[in-house]
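Structures for review follow.
In what comes next, chain A is part of two complexes: it sits with chain B in the first one and with chain C in the second one.
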Partner chain A sequence: MFEDSALATVLLAMFAGAIRVSTPFLFVSLGETLTEKSGRINLGLEGTLVFGAMSGYAISYHTGSPWLGVLVAGLCGSCFGALHGYLCKLPKVNDIAIGIALMLFGTGLAFFFGKAYIQPQAPRLPSISFGFWTDMPALRQALEINPLFLLGIVLAFVLWWGLKNTRWGLTVRTTGDSAPAALALGINVNQVRLLSTMVGGFFAGVGGSFLSLYYPGSWTEGLSSGQGLMAVALVIFARWNPLYCFLAALLFGAAGALGPALQSIGISRGYHFFNAAPYIMTLLIMIASTSPKRSLKGAPGELSITK
Partner chain B sequence: MVDVTKADRMAVGQGSALADTLDRFRRSSEFVIMPILALIVSGLLFSIFLLALGKSPADFFSLVWRGGFGTSFSWQNTLVRSSPLIFTALCVAIPARLGLVIIGGEGALVLGGFAAAAIAIPMIPWAPSFLLLPVMALAAIIAGGIWIGLVGALRHYRGVNETIASLLLFYIAVSILNFFVEGALRDPSDPNKPSTMPIGRDNMIGAIPGTDVHWGLVFGIVLATLLYLLMNRTTFGFAARITGGNLRAAQAQGLPVGKLMVISCAIAGACAGLAGFFEVAAIHGKANASLIAGYGFTGILVSFLARHNPLVIVPVAIFLGGIAASGGLIQRRMDLPDATVLVLQGLIFVVLLVSETFYGRLPFFRSKGDL
Partner chain C sequence: MSLAVETQADVRRAIGVETIGMTKIFGSLVALDDVSIRVTPGSFHALLGENGAGKSTLVKCMMGFYQPTKGSVLVNDAEVEIPNPRAAHALGIGMVYQHFTLVPSLTAAENLVISRADTPAIIDWAKERKGLEAFLETTPFKVPLNVPVSGLSAGEKQKLEILKQLYLDQRFLILDEPTSVLTPDEADEVLGLLRGMTEAGDLTILMITHKFREVTAYADEVTVLRRGRMVGAGKVSDLSVNDMSHMMIGDTTIRESAARQVHADAKLKLEVAGLFAEDDEQLPALEAINLKVHCGEILGIAGVSGNGQSELIEVLSGQRTPSDGRIFIDGKPYEPERKLMDTFKVFGFSEEPLKNVAVPRMSVAENMAFRTFDKAPISPFKGWLSPAPMRQKARDLIASYRVKTPSTEEPIENLSGGNVQRAILARELSGEVDILIVANPCFGLDFASVAEIRAQIMDQRNRGAAVLLVSEDLDEILELADTVAVMSEGKITYTSPMDKTDRATIGHAMAGHH
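Presenting the complex of A and B:
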């Protein structure tokens, strides 16, 4: 009987965790999907995420409006995206290397400006309660869902539909699959990639603001521990499909919640190993889902990472 | 008549040989001047950044000079910081010759330092330091070598992107360190910070006589020289550079590309592991979270600034080590956060990569005959 309830607690905590932890993964991976579909990879999203978290928190603290914080975080993210997109169009500039540089630069800037915001409490994002139908407090708590999560789901569907069915989606996909073909169609390749990277940066910034404004809910320098990069790996796993991105983000969120969930029922031994679960899982997924021999299904042809 | 023409021809020949040498010198000077230009430009951009914040750039750069290179004390501080940077930069430079971008050197450093401290625990009561230290170094080399070697193997045999894989392995290495340091291998007599047992003051690596700089710096310089010779004067290095230049051509030539990748990555990881060993054996005396000090990430920048040339890494590591060493002084005197150095480093990195686009396009570095 005890074991049953313990298992239930863990599963419930992982379910709640999947919803709470997955949102930043979801936003970053959707943004990265769009960027990669246009033929470039932006590894700088880790830095964008951290900067978004800092700027969102700072704006929320100063104005009292967390939603304004989310917006500003997104705008800051698109600035980073614009920088990446602009620099990468210069000849001989490598998009992966620029991404690494922007990751370090963005993190450095966030720590630089974020020093003042480590102590103060900023207003956090509200959540919507979907747990009115149950008396179980744990389940009620699990069903406190942040609007950004719902927005992320909508966004995943919109992006999936848009990439497939709109003229705009076709332009992005053509640019990503073959730059010469896009050029022949009269598409401005660099501009499409610049815009895709900017929108991707916007999403990553929003994902970052979720970290500081909802869960964990405060700004610290250790706030993001590689979520931005794991999301990039997640895009490969999701085969550049926004809907799979959503499912993969849930999976990653559940894995991330494993450590705290086990700790809540008193299993604290090996806590650090369970904390490493998302990284180990990402690595295993990458090992299982890539192949040295054939290019991946759905992979944009121009992408340097899969060539 | 005939003699005159001959003499003329000889004179012309000599003249053009000299011009050729000058020309070649001017062309190769591009690889020195461009990074320096990039440094100057990033210095200017950073000055604008400081001015926008109402701080004085002149103060900043004079503090960097004083904190990093001004006195013999600051020089020693700089050199202590540049020693791990040499090792971690080598961890980026060697795979870069094969076209691999490894950014997880910090993970190999952490794991190498931990392996060194862990293997020392049962040996401390009986082993003399001349036995203990080599065993620790070996443990660090093996741990680091396996860690990054794994990245190379995954890249070749499974096609896993090495950049992402190496960074994921960094987080996993940190978890391994925390797991043992807060669990089975925790020193119960240390109430403050979870650490392994100290290896003992007598067993630690001493300083170079007359300085406070430990021997890691000397080892780093020797290792950089050896790896320079390996990459530039041996068939292994030649094959590695071919692989980096054109993977398919290397495969078509029958070069063992996979083996080259795994071995290069293992060498790289061993370098970063040694950085961890020296941090444990010469600085901290034990393994704990202080190992995660960002040397692995600064090493990426060092290697890119040095254009992945092991010999150039040494001066560049000293330069960036100096900037890092002045961080404390800048923080106290100018009331700037410690992340200021990170911002400057990031800026240098971005500008440096952008400078790539100007190679071969500035008229000064081109010979007259070029198109």
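Presenting the complex of A and C:
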């Protein structure tokens, strides 16, 4: 009997954790999917994520409105995206190198401006309760869903639909798959990539604001612990499909929630090992999904890693 | 409103285009010198010339990619300004490029719809599909609409490129070597359909080509360019192939290949047994390839590109691991490693040497030493390089193979295509060659270089080397090979001694009819 309830507790905690932890993965990976669909890789999203977390928290603290914080975090993300897009347009500039530089720049800038906000408490994003029908406290707790998660699901569907059914979507895919073809159609390749990277940066910034404004819910320097980078790996795993991004984000979220979930039923042995689950999973996925013998299926043809 | 409905309501007929005194100068290079051509409405006009003769420059001026230094363009006898490709499209001039400009991951329908200038922001696929099907009814070309372009055959892609131009209502089509990736049958089908449309007065065609067969079979008129100048023009019916080829190459002396020596009961040299390999998508690329090449024999492997030829070459040169099968030389097992290549004297070269068999930014001398840099005299002690003998050897090779280069230290990428290929030839053929593996050696080279390279291959054969020649150019196979094998979908589907077969039979085998 005890075993059953313990298992239920773990599964419930992982479910709640999957939803909670997956949100930043979801936003960053959707942003990265869009950027990569246009033919560029932006590794700087880790920096964007951290800066989004800092700026969102700061704005929420000063104005008292967490939603304004989310918006500003997104706009800051767009600025980083614009910088990436602009620099990559210059001749002989490598998008991966710029991405790494911007990752360091973004985190560094966030730490610099963020020192003052480590102590104070900013208003946090509200959650929506879907657990009104039950009186099990654990389930109620698990069904406190954050609005950004729901927004992320909508966004995943919109992106998936939009890439197929809008002129804008076809233009992005054309640019990402064959720049010569895009040029022949009179598409301004650099502009499409700049805008895609900016929108991608916006999503990543929003993902960052979730970290500081909902879960864990405060601004610290170790907040992201590489989630922005893992989200890039997740895009490859999800084969550049927004809907798979959603599923993959849930999977990563659940893996991230494994450690705390086991701790909640008293299993604390190997806590740090279980906490490392997402990282181990990233590694295993990268090994399983790549091979020297074949090229990545579904990868946009213009990506510098597939060229 | 769908485009197809528009075209039916207001049918645009074939248009004529004329250039007057076109001149284009790039820096010190005169790419185009006072060229006037007249393409009448509804005609099928061929533009002949060697690589670098100015054909591309001329059509790029007509398409608005370049602005001519001097000269003007007339459309239906009215002078027009073409500042950019969009302006050309608006006038009804479209171009089908040598390399596909389709987006591989998009379906045919998506490719057509995105190519339009007025693609709606939100695409109503049900309506678009109906429009596209109605449009397809009006043309003789049939292409599956809902398959990603990457899954189409080369012939279907070429048809889709042409369809795209028709869909955009372009009534003057410039085709740049449209049949280079097609089987002879596919080429005949596409050109025949286009010919039908010109005869009906729906379309005017200007086709860049260097294949006389296509000119005589399909074109009404021809213009020949050489070194940027127009050297001849006229009705195809008034000209013989000899006239045209003389116009194209002028008085350049072309090296003749040595006569084919007969080797009586030559012994088996190279044997490939049951070779299997996978491509980059892990799909089968080679299936049970069996080949035998004897001393003093050229085995020509014909086929349309993408049927496993590049994988075969990669396996034979050690760039791809076979999943099964063996290679034997003189009956002994052979693995393509540097040491064994050296022991068995295996050499080779291929198309686009800068991409495939040279390091573009290393010097000519270094590139020429790839086979010998680890041996005396260049490497007197193990691991040490001595540049003086390397340069000396390069100087000798440059002289004897007539490579035009400013010095031995010039990065090889600065040389012209023919000279890069000659430098590689010098590296591969200067020693003793027992086995020669060659892939599309003459791709993109001028007549003189082509003749030179073919003569060198023939010399090696006459000396007793076993030659495996993979070529997408059927004429090259017909000229050089003693035995022909056809590769289709990763299999050898047809083998015959050259004197017991002909172009049509090989062409059918290439298309998979066997």
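For this structure, a couple of remarks:
Methods note: the second predicted complex is superposed on the first by the 307 of 307 C-alpha atoms of A that agree within 3 Å, B and C clash if a C-alpha of one lies under 4 Å from a C-alpha of the other, contacts with A are read in each partner's own complex, and residues count from 1 in each chain.
Quick note on the criterion: a contact is a pair of C-beta atoms (placed from the backbone, for glycine too) under 8 Å apart; a residue touches a chain by one contact, two chains touch by 3 or more.
Just so we're clear, the structure is a prediction, and the values are computed from it rather than from any experiment.
Under the clash rule set out above, the superposition-derived model of chain A with chain B and chain C shows the two partners fitting side by side.
Of the two partner chains, chain C is the only one touched by A:T174; chain B is not. When the two complexes are overlaid on their common chain A, residue A:A184 makes contact with chain C while staying clear of chain B.
Within the superposed three-chain model, A:P300 lies in touch with chain C and out of touch with chain B [touch as defined at top]. Applying the stated contact rule after C-alpha superposition, one finds that A:G270 touches chain B and leaves chain C untouched. Of the two partner chains, chain C is the only one touched by A:N165; chain B is not. The partner that reaches more residues of chain A, of the two candidates chain B and chain C, is B. After superposing the two complexes on chain A, the closest approach between C-alpha atoms of chain B and chain C comes to 6 Å. For the contact definition in use here, the residues of chain A common to its chain B contact set and its chain C contact set are 291, 293.
Residues 43, 83, 87, 90-94, 96-98, 100-102, 104-109, 111-112, 115, 225-226, 229-230, 232-233, 236, 269-273, 275-276, 279-280, 282-283, 286-287, 290-293, 305 of chain A are the ones touching chain B in the complex. Every residue of chain C that touches chain A in the complex is listed here, in rising order: 85-86, 97, 99-106, 110, 113-115, 117, 119-123, 125, 278-282, 321. Residue ranges of chain A in contact with chain C, taken from their complex: 165-168, 170-171, 173-174, 177-178, 180-182, 184-186, 291, 293-295, 297-298, 300-301.
On the chain B side of its complex with chain A, the touching residues are 101, 103, 154, 156-161, 163-165, 167-172, 175-176, 178-179, 182-183, 297, 300-301, 304, 336-337, 339-347, 349-350, 352-354, 356-357, 359.
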